[in-house]
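Here it is: the structure, laid out below.
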Amino acid sequence: MSLSPPDLKLHNLYSERDERVLFAGLSLSVSAGDVVQLAGPNGSGKTTLLKVLAGLSSRYEGDIYWRGENLITQREDFRQHSLYLGHGSGIKAQLTALENLRWSCAVRGQHVADADLHRALTKVGLGEFIQQPCYSLSAGQQRRVNLARLFCCPAQLWLLDEPFTAIDQRGVAEIEQWICDFADNGGMVLLTTHHPLSLPRPLRRIELGGAS
Amino acid sequence: MVFANLQQLWQMDGHGPYVWFSFATSAIVLCALVFESRRRGRNARALAAAAARRRRAENQF
Amino acid sequence: MANWQWFHKWGSPRWFYQFSGRLLPWLAIPALLLLVGGCVWGLAFVPADFKQGNSFRIIYIHVPAAAVAMGGYMLMATAAAVHLIWRMKLAAIVMKSAAPIGAALTFLALLTGAVWGKPTWGTWWVWDARITSVLILFFLYLGLIALHQAFENRDAAARACAVLAIVGAVNIPIIYWSVEWWYSLHQPASIKFVGESTIHPTMLRPLMATLSGMYLFFGWVLLLFVRAEIIEREKNTRWVQALVSGK
Amino acid sequence: MGTSTVMFAVLRRDLQAALRRGSEWSNPLLFFLMVCSLFPLGIGPERQQLAVLAPGIIWVVALLASMMATDGLFRGDYDDATLEQLLLSPLPLYPLVLAKTFGHWLVSGLPLSLLSPLLATILQLPSEGLAVLMVSLLLGTAVLSFIGAIGAALTVGLRKGGLLLSLIVLPLYIPVLIFGSAAVKSAIDGMAYLPPLAVLAALLMAALALAPLAIGGALRISVDQ
């Protein structure tokens, strides 16, 4: 859509697990404002693809380009500008939501003032649970602590693995809105989900599991 | 030869059992390594042959 | 890239399979000749040691086994480094195949060392510096084999074992030096377990024969293990299937 | 944000998490206390006999307690997926892993060393050896933590990692055990105890410099399953 070269370009990506092909010849280019949904049955390699992009898995063939350069040479810059939210809870149960978030930002080398942390937590609806240890929160609320990272760690690319799990109906609509706002401001989103997405903006669906 | 006859070679002034036991077990272990490598080779070739037959069967249909 | 050509060619399992095929007889025959000849020479044609009597003849199998087991570990560490740096599959296969052979030779060194201790020291197990170091080397081998089996995925297993092999190789000199120091601490005046240099040259020559024979034997058996592993891993490729059905 | 502030943040979180859950730092200590008091029951109460064996006993049990503690070093983070965030940080992994392992030593090795004089008196260790025992344990348990962390990183992705960890790491612990107990013995016999302590310190420097490289590499491999 935009004239500038795509920020993220996948070329002929191939991966297999236990002698079963997950995806083959997968080519995709993502640029500012794109929202791409990776759909497909369970075990069709959606999570594997996200892990490959995030740099957590190296079991793939093919090339990935970030801003025109090969991703392998751009590892640090890519990690600075991308944010990966995986399956796990991503938080320590004995710590409070605030402490978890402070650690998540510190690990990325980004100093975030407590005020911003508070704002991020209230935005995801955990305003009054900030000082409680996370084991006293519900599964949905614990996921929201993880989602709060989206608002205090600046990034251009979101890699979201099943962001809607354990989130109630109202929450799903909220998250869809966040994704739209982020994409409208030039962000890129790659997410895997089973929910039928209803976004007011164009959405690209990539079917995995041999269909693509 | 340093020993007068085979009997002395076997006795080795009393140290015979230790020496011959060591050499015997060494021979056994080294031969076991060679047989193990042969066995792995045979298994691998059998797997490859089976894969080859499967490939030929697929190509016919 | 041209000068790296041989390196990537060398790393391709298919090329290595053919190359090693030609190499096998040149390793096997001299290995067996040197080993058997050296042993017969050491057993029957060398005068007994005036202090220890005939039990010293065990040296002709104990020292080669211990030395090649150590050499095998260092070879594994090198293959591990090559695999981690250049992701060469062949190096992973070499590392995986060298572990059981090294472990078997270390066990052999331990067994012959213990049996040798009986007539010389009167007990089956002597906490001598060399024997203790060989025992620790045996534990390192077992640790590597156990780690390799613990992983379901073969690639992850190879890379994890590569890290452990390199960490082990860095630690081996420290372990050997600390065991030597520990042994000298407790028995400063005791006679040193017969080192190569102290024995008479005529006794030394057969040792050189069995030692080089053992190295060649290690190379031969390693190639056999590696070739079997290559066939098993590449069983779905055309060249392997042609090779197998061609036979 | 400078690397040191990030390291401090990683350290702070781990200490908070560990102190909130008492079991993480009290288990190795209780193990150390109980197992040390088993030996007199096995060997017999005579003072002279125990005094000779005490340095070795305390050092072996400290080594086992430290190894038990390192199993949980990365497993907690692996299970709740915070380990991924560590690996995806734009910062190099070396300082992060260094801070994490140091934090783990503060929780396991340090209390062990501070408790050791109490154990020494139980095991009739002569008083000349007490100070050197504590110093040797302070240095030694730090080295054990870094070597153990390599094993923990290698086995974090495996279900039954605990036993395998001991098989991998124990051979690498041997030099630390040798020089640690030797330092205490020579202090008791009135001989020069500084050389073995110096070697322990050298092992610590080597571990500080090299271990995080292996730990980082091993973590990336374990997560890459």
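Observations, loosely collected:
Residue numbering begins at 1 within each chain, and the chains themselves are lettered A, B, C and D in the order written.
Note that in this section a contact is a pair of C-beta atoms (placed from the backbone, for glycine too) under 8 Å apart; a residue touches a chain by one contact, two chains touch by 3 or more.
It should be emphasised that the depicted structure is a prediction, and the values quoted were computed from it without experimental measurement.
Using CA-based centroids throughout, the chain positioned farthest away from chain A is B.
Counting C-beta pairs in contact across C-D and across B-C shows that the higher total falls to B-C. Look at where the CA atoms of chain C average out and do the same for chain D: the two points lie 32 Å apart. Separating the centre of chain A from that of chain B, both taken as means of CA atoms, is a distance of 56 Å. Rounded to whole angstrom, the centroid-to-centroid distance between chain B and chain C, based on C-alpha atoms, equals 16 Å. One inter-chain figure worth recording: chain A and chain C are separated by 48 Å, centre to centre, where each centre is the mean of the chain's CA atoms.
Across the assembly, chain A contributes residues 59 that each touch 2 or more other chains. Under the contact definition stated at the top, the residues of chain D that touch 2 or more other chains are 224. The multi-chain contact residues of chain C, meaning those touching 2 or more other chains, do not exist; every residue touches at most one other chain.
With chains as nodes and touching pairs as edges, the resulting graph is an open line. Contacts between chains, counted with the stated touch criterion, involve the pairs A-D, B-C, C-D. By the touch criterion given at the top, residues 54-59, 76-77, 79-80, 84, 86-95, 99, 102-104, 106-111, 133 of chain A touch chain D in their complex.
Chain D makes touch with chain C in their complex at residues 150, 154-155, 157-158, 160-161, 164, 167-168, 170-172, 174-175, 178-179, 182, 199, 203, 210, 214, 217-218, 221-222, 224-225. Those residues of chain C that touch chain B in the complex are listed here as 35, 39, 43-48, 53-55, 57-58, 61-62, 65, 100-101, 104-105, 107-108, 111-112, 115-116, 118-119, 217, 221, 224-225, 227-229, 231-232, 234-236, 240-241, 243-245, 247. Of all residues in chain D, those touching chain A in their complex are 1, 5-6, 9-10, 13, 16-17, 20-21, 76, 79-82, 84-91, 96, 223-224. Of all residues in chain B, only 1-3, 9, 12-16, 18-19, 21-23, 25-26, 29-30, 32-34, 36-38, 40-41, 43-45, 47-49, 51-52, 55 touch chain C in the complex they form.
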